[in-house]
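The two complexes that follow have chain A in common; it is paired with chain B in the first and with chain C in the second.
Right, the complex of A and B next:
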């Protein structure tokens, strides 16, 4: 029964990781910008939801809307006001990364100053588990997390395959020159990538606010998992990032079945190292021949 | 003389005046967590030191005003070592306050080499009693807290099957050692001991393992922002057994959490309504300044500043310089102090003995 419980816990964690990782992977794949501040998008979305819903006690839909708006504004502002100016001044990949890293530290400090440096949570009956069988507890939020992830991935798949913007974004991840040749503006497409990628962090942030709670450094954990999932899934592969997010969530939880609990976080990175050594291209990445 | 030149001279004069006024102070140091997930504790500690500073300077205990130079440890040993090196080499402090077991153990050798006294009012690992002659504790250590709690839990309440969730750091390891021995001594069983990394934020797996062990009671040994997350997730995930813990649990964030109501925890005994001069003055001024009751941690760091001031006063009367070595010698001349909470007596190893109380969050004193 413990294994089944850990499997269910892993599915919930994996759904949240997959949502965050796919957002990061979409942005990185399309723009080649190492958007470290994606973790900040997650934190901002979570805190705005907490503030609107738990502090101001406005309706759930308003809180989710405000959270999405904040994530959208932050992600697109990062693209417009941080990455683009840095890139216009011949900023290297590393310079852009440092700029993003710096912003994430500033955001963490600002959240601490404005919202307090301690833990906050949104109390909801949906996060309280009920016993399904002897020793098996599941919260409605676990099912909600998995269903939300599936719905968002279905919508994302539809956007990427069926809409012009989606097709252009996929083209952008292959070649900026090709996109320009078709008369499209890579900067506009980049803005769309940031908007969609940032929105994908919103459901994960809202569910996290209701289940494990938030603290100003919550974005770092989200970012580490996103990075690991992007590499494990194969850089540029959204399907890979989603699967890898789920695998990491399951590995983190199922490891406690046989291993001491202090290893659960480390297991994610053991998985990452194994992929780097034995399958550097990841689950769905294209192997690069030298 | 043009405007930029005047401005430059004015800035130079201001800098000289500032450095001169700093030089006139007697400065001690503090290595506290002021950012990161444990920053809450830094706020609590500074609540006590700032009142102490007001009192020492108002009473003119020393020939020059006392000042405290604060450095941020972020509750990590690495940052703590950087902080104490700055206090010793740049600020030249003879005495510094420290907190957190891991940080204190990391910075103690540095202070010991430089013959600078460290006073701990927040770390509770038992091995803090053996960090050398320059390391003093003004707080009862966790082994005393566990020893006080175990008979109450196992004998008085009859909770014989104890589960432990502990931080994978020195403080957690010490609780594990003490709890295992103590529970078995009282005829109980430690049914499971689950370690959690300091950075862990997901505890549904821990909850599943606790439920599987089927304990009568769960001892929580974590610190900082992790504690409310742990408590909420355990309750959300079906762990409905009583929780017990130590003094580090009772942070404002935990006390405010609905899921934390009823948690039993130990702390040093402090009667905020006591009428002795030191306690009444501290509590009165604390309430006036912060509009709430102090925590034992605030009192500990108030006491740490007060102990320094009394020892430094002795040295000044004897015409001796205020150095770490001389502070040790001054302590050897008289080990008792009237401080907040009553009379504090230092043992030969630099630790203090104090009564422990058992309380309930949102409830009453139990023992």
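Right, the complex of A and C next:
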């Protein structure tokens, strides 16, 4: 029964990880920008939702809307005011990573100052667990997490395959030069990638706020998981990132069947470490030239 | 006041050792490790165990800590040989998280979350180093030794091979350089020298636990290197001094409440990192324009 409970917890965590990871993977795949501050997008979205819904007591729809707006604004501002200027004169991996890293430090410290450093959770009627069977507890939120993930992936799939922007984004991940040759502007496309990627962090952040709660370093955790899932899944493959996010969520939770819970995060990173050494191209990735 | 100054001086020395050794692989070898705090920790835990169970001789503790950290750094060399850039950042991050978990869970060796307490004072060739001033002098000597070692290595042919690999791995191997051996050596040297900082720290504070060796420490040391300037000898030193003096300066600023100093400090160095990348990627000391 414990195994079944952990499996359910794993599915919920996995759905959230998959959503966060796909956003990061989309940005990284299309623009090749190592957007370390994606974790900050997640934290901002979560805390805006918490503040509007739980502190100011405004309706749920307003809170989710504000959260989405904040994530969108932060993501596109990062692209416009940090990455583009940095890439204009010093486009190396190093400078982009450090700039992004710096922003994430600032965001984490600011959240700690403004919202406090303790854990906060938003309690909703859906967060309460009900007992399905002896020793098996499920909250409706878990189901909602999985359904939300599936709905968002379906929408994303439709955007990427059926719309012009989606097709252009997929083209961008193959060749900047060719995209330019077709008369498209890589900068505009990069803005779209950041917008869509940042929006994908919103549902994950909102569900996290309602279930396991937020603290100022939640962004770091979200970032680490996204990074791990993107690499394990294979850079450039959104399907890979989603599957890997799910696998990591399951692995973290199922590991506490045999190991103390303190080890759950380490388990994810052992998986990541082994992948980098033995299969750097990931589950679905194409062989990288590097 | 004198005790206060020697305290800051000692902490600057320890952090400068960390910054210089991180800069050695980051700035000269182009290996972007975010697991540096781990080797600091390995040095500190080794020293704590040596001092409690074997001997409180400082030279022996230094040698043993360096040996253990050097040996364990092969786990970092492994991904460094296979991948670069973001993949290596991810791999070293994985190592950092795993190491942190081991520090807090392997109770027999690390004392778990509670850590190891009651580490005896260091003794250098029979001389007990108990007071703060002699300890500060000892730290200064160790910092000078580490700096001299790094300066000598960087100027040697090995140092030139490192820079060649950083700039182009295939060109270096075309010139007959053994890329595998050189990279492995760089990681081992950097990690074992970082352990010297760990030895000093364990003897100085006489208490170690996982709190001092987390990802936050890596972030702080990385900020020191970046702000000072990568790929220069003085840069990390300057960065360490600035970032260690900053909280002191902030605590004398009247309008910042004491509880917020940590956050204000993080905001300041986070902003500094972003602004430097926008306008001066080589850091305060590095040559403007050139990415070191």
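The rule is short, and it goes like this: the second predicted complex is superposed on the first by the 287 of 290 C-alpha atoms of A that agree within 3 Å, B and C clash if a C-alpha of one lies under 4 Å from a C-alpha of the other, contacts with A are read in each partner's own complex, and residues count from 1 in each chain.
The rule is short, and it goes like this: a residue touches a chain if its C-beta (ideal position, glycine included) is under 8 Å from a C-beta of that chain, and two chains touch if they have at least 3 such contacts.
Everything numeric in this text was worked out from a predicted model, so none of it was measured.
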item: Partners on chain A (chain B, chain C) - clash or fit; value: clash
item: Touching partner for A:187 - first (chain B), second (chain C), both, neither; value: neither
item: Contacts of A:139 with chain B and chain C, given as first, second, both or neither; value: first
item: Touched partner set for A:175, first chain B, second chain C, both or neither; value: neither
item: Partner chain(s) touched by A:82 [first = chain B, second = chain C, both, neither]; value: second
item: Which superposed partner A:163 touches (first chain B, second chain C, both, neither); value: neither
item: Touching partner for A:102 - first (chain B), second (chain C), both, neither; value: second
item: Chain B versus chain C as contact partner of A:112, first or second or both or neither; value: both
item: Doubly contacted chain A residues - partners chain C and chain B; value: 109, 112, 260, 262, 265-266
item: Interfacial residue positions of chain C with respect to chain A in the complex; value: 32, 78-79, 82-91, 93-95, 97-98, 101-102, 104-105, 215, 219, 222-223, 226, 260, 262-264, 266-267, 269-274, 276-278, 281, 291
item: Complex contacts: residues of chain A adjacent to chain B; value: 1-2, 5-6, 9, 12-13, 109, 112, 117-119, 121, 123, 127-129, 131, 135, 137, 139, 211-213, 215, 217-218, 221, 252-253, 256, 260-262, 264-266
item: Chain A-facing residues of chain B, complex; value: 35-37, 39-40, 168, 194-197, 199-209, 211-212, 225-229, 232-233, 235-238, 251-253, 258
item: Interface residues, chain A side, partner chain C - complex; value: 28, 34, 82, 85-86, 90, 92-99, 101-106, 108-110, 112-113, 220, 224, 227-228, 231, 260, 262-263, 265-266, 268-270, 272-273, 276-277, 280, 290
